[in-house]
């Protein structure tokens, strides 16, 4: 990636469901090391945009460059971590097997050691041979977080990360996100829970009905009054 | 990452999951045995009859029972959105397709390895006489079943009616491969020798395998990435 | 404007069909061996030609969709395949009637009959897949892939079944190396092919309009549900 270039460049992206444009001419950049909160109501197009950035979907029109390349090239996807709605964990495999599989998939050198390291970080080491099916909800969520982070991605895409998590998983996720930022990783998270997201965010983008309504830095006003952004840039009710 | 290593990682994961629960494998084997039983009511299994229709019988058993394994192949990725995690991983669509196909192939061959001797016992068929060639037919035709099945399993994975759609897609598409396999198996189990004319069926099987493997690999990204 | 073109096509196609019917039933003599039933070939064969033209257009439109992602190609592929399937059905039914009278049986597992039936099943599966997917873009993508697989398969099916069993009469048209028909008797086949192609084109145009409207309605519904 050339120096100074943004980690994520989105240029005139459109995405349709049939004739209905779910994303309408979205353009913005996300600088390296930023933490962007992608705000908007349900159905605004946040998930659709995140899926395009993660290489799960392609834009109908427009161009997306992620970490200096196309999101569908393997070398780019090696450096992306995604935490979506589903936890992406196999119920019939053990915690270690799940993490080992993902470490292998990312071509990591010592998958077993990576798996054990992350089990320890997520406090799952005592149950490392237990099947994911037998885990409690919170344990499964921590396993999912470990899966998304184990290859030390330079771009983290999180879709509504705080809605499904319990408080322990939230604390873990927050510390991991802080760690990721300190090593220079970029974070993009969609959320409609304003306060948690705004506390972490350095940048904000607001999407309304598939269009970009606001893009800028997170300001102190936003933190003091979470509804500020919607009142100033949101639609009139 | 090396193309085949990536596919192997996915195949190993699938086999590990399947062998842990044996859900699809047990169901498929018992289904295959049940069909073998039912066929004995459809006709009177005397020596001549078996000689004539052994190929058809065997391949219908293999083709019908394989639907369960092929269905599970991608259905396994549906809970917890595991498929998304796979597609967004560095593995390409083609690697994912090949890995899944390899695991399905291994499982289908296991089912066949169980069903074939049972068929021999039930119907007094002398399937071991030309074992080498029979194994070759099994390997080629099962791969045909695997590529078509894996492709369509991937195609239907996100559908509500997945289980209903798969057979409707797979069986008509498999007609040429099944025909060739039936023809060859009839000759081999019926203890006839293969004449020159029969080799055309080997060519058909090999051609079918090559064409649909390439098509499956080429289309995989399109199927997985919307 | 588009309606007028469509009506004009319909009038031409109807006139052509009427003219062909007149030729086939009033002017042409009975065939020496088959008597009067041979006339069914004037519908049977053009229907087959029309259906394969349609399926081939479906393949091209599907490839067009996958390269351009333009939903209009998807509408073409869907309409063309549906119309092609209708003509395939005409072909199967007329063939079956002919078989009943000449062979004494409704159906035989001959190469062409079997192939046509497999082909029919494959494209029925295509339409089933379309019905099973609700999201239009996903539907377009996956059914385009299936269409490419189906067409490839149809070619292999025809070749392979021909090796196995053949009972169906050989080629009758001179361009395919056949020579089973007197020259005057061949022309109506081509004329009826033209008529059926026109009819097919009209049906495709109507279906496409429907398909485009359906997409528009779907998008309006999404728009309405967006809040």
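As written, the chains take the letters A, B and C, and residue 1 is the first residue of each chain.
Criterion: contacts are C-beta pairs under 8 Å (C-beta built on N, C-alpha and C of every residue); 3 or more make two chains touch, one makes a residue touch a chain.
Everything numeric here is computed off the predicted structure, so don't read it as measured data.
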Overall pattern in which the protein chains touch one another (line/ring/star/complete/other): complete
Chain whose Cα centroid lies nearest the overall Cα centroid: B
Comparison of A-C and A-B (more C-beta pairs in contact): A-B
Taking each chain's C-alpha mean as its centre, the one farthest from chain C: A
For chain B paired with chain C, centre-to-centre distance based on mean C-alpha positions, whole Å: 32
Inter-centroid spacing, chain B versus chain A (mean Cα positions, whole Å): 38
Length of the line joining the C-alpha centres of chain A and chain C, rounded to whole Å: 49
Per-residue overlap in chain B, given as positions that touch at least 2 other chains: 226
Chain C, residues touching no fewer than two other chains: 137
Footprint of chain C on chain B - complex, ascending: 151-152, 155-156, 158-161, 165, 168-169, 172-173, 175-176, 179-180, 183, 200, 204, 207-208, 211-212, 215, 219, 222-223, 226
Chain C-touching residues of chain A, taken from the complex the two chains share: 16-20, 43, 60, 209
Touching residues (chain side chain C, partner chain A) in the complex: 69, 71, 135-137, 215-216, 218-220, 222-223, 225-227
Interfacial residue positions of chain C with respect to chain B in the complex: 66, 118, 121-122, 124-125, 128-129, 132-133, 137-138, 141-142, 145-146, 148-150, 152-153, 156-157, 159-161, 163-164
Touching residues on chain B, where the partner in the complex is chain A: 1, 6, 9-10, 13, 16-17, 20-21, 76, 79-82, 84-92, 221, 225-226
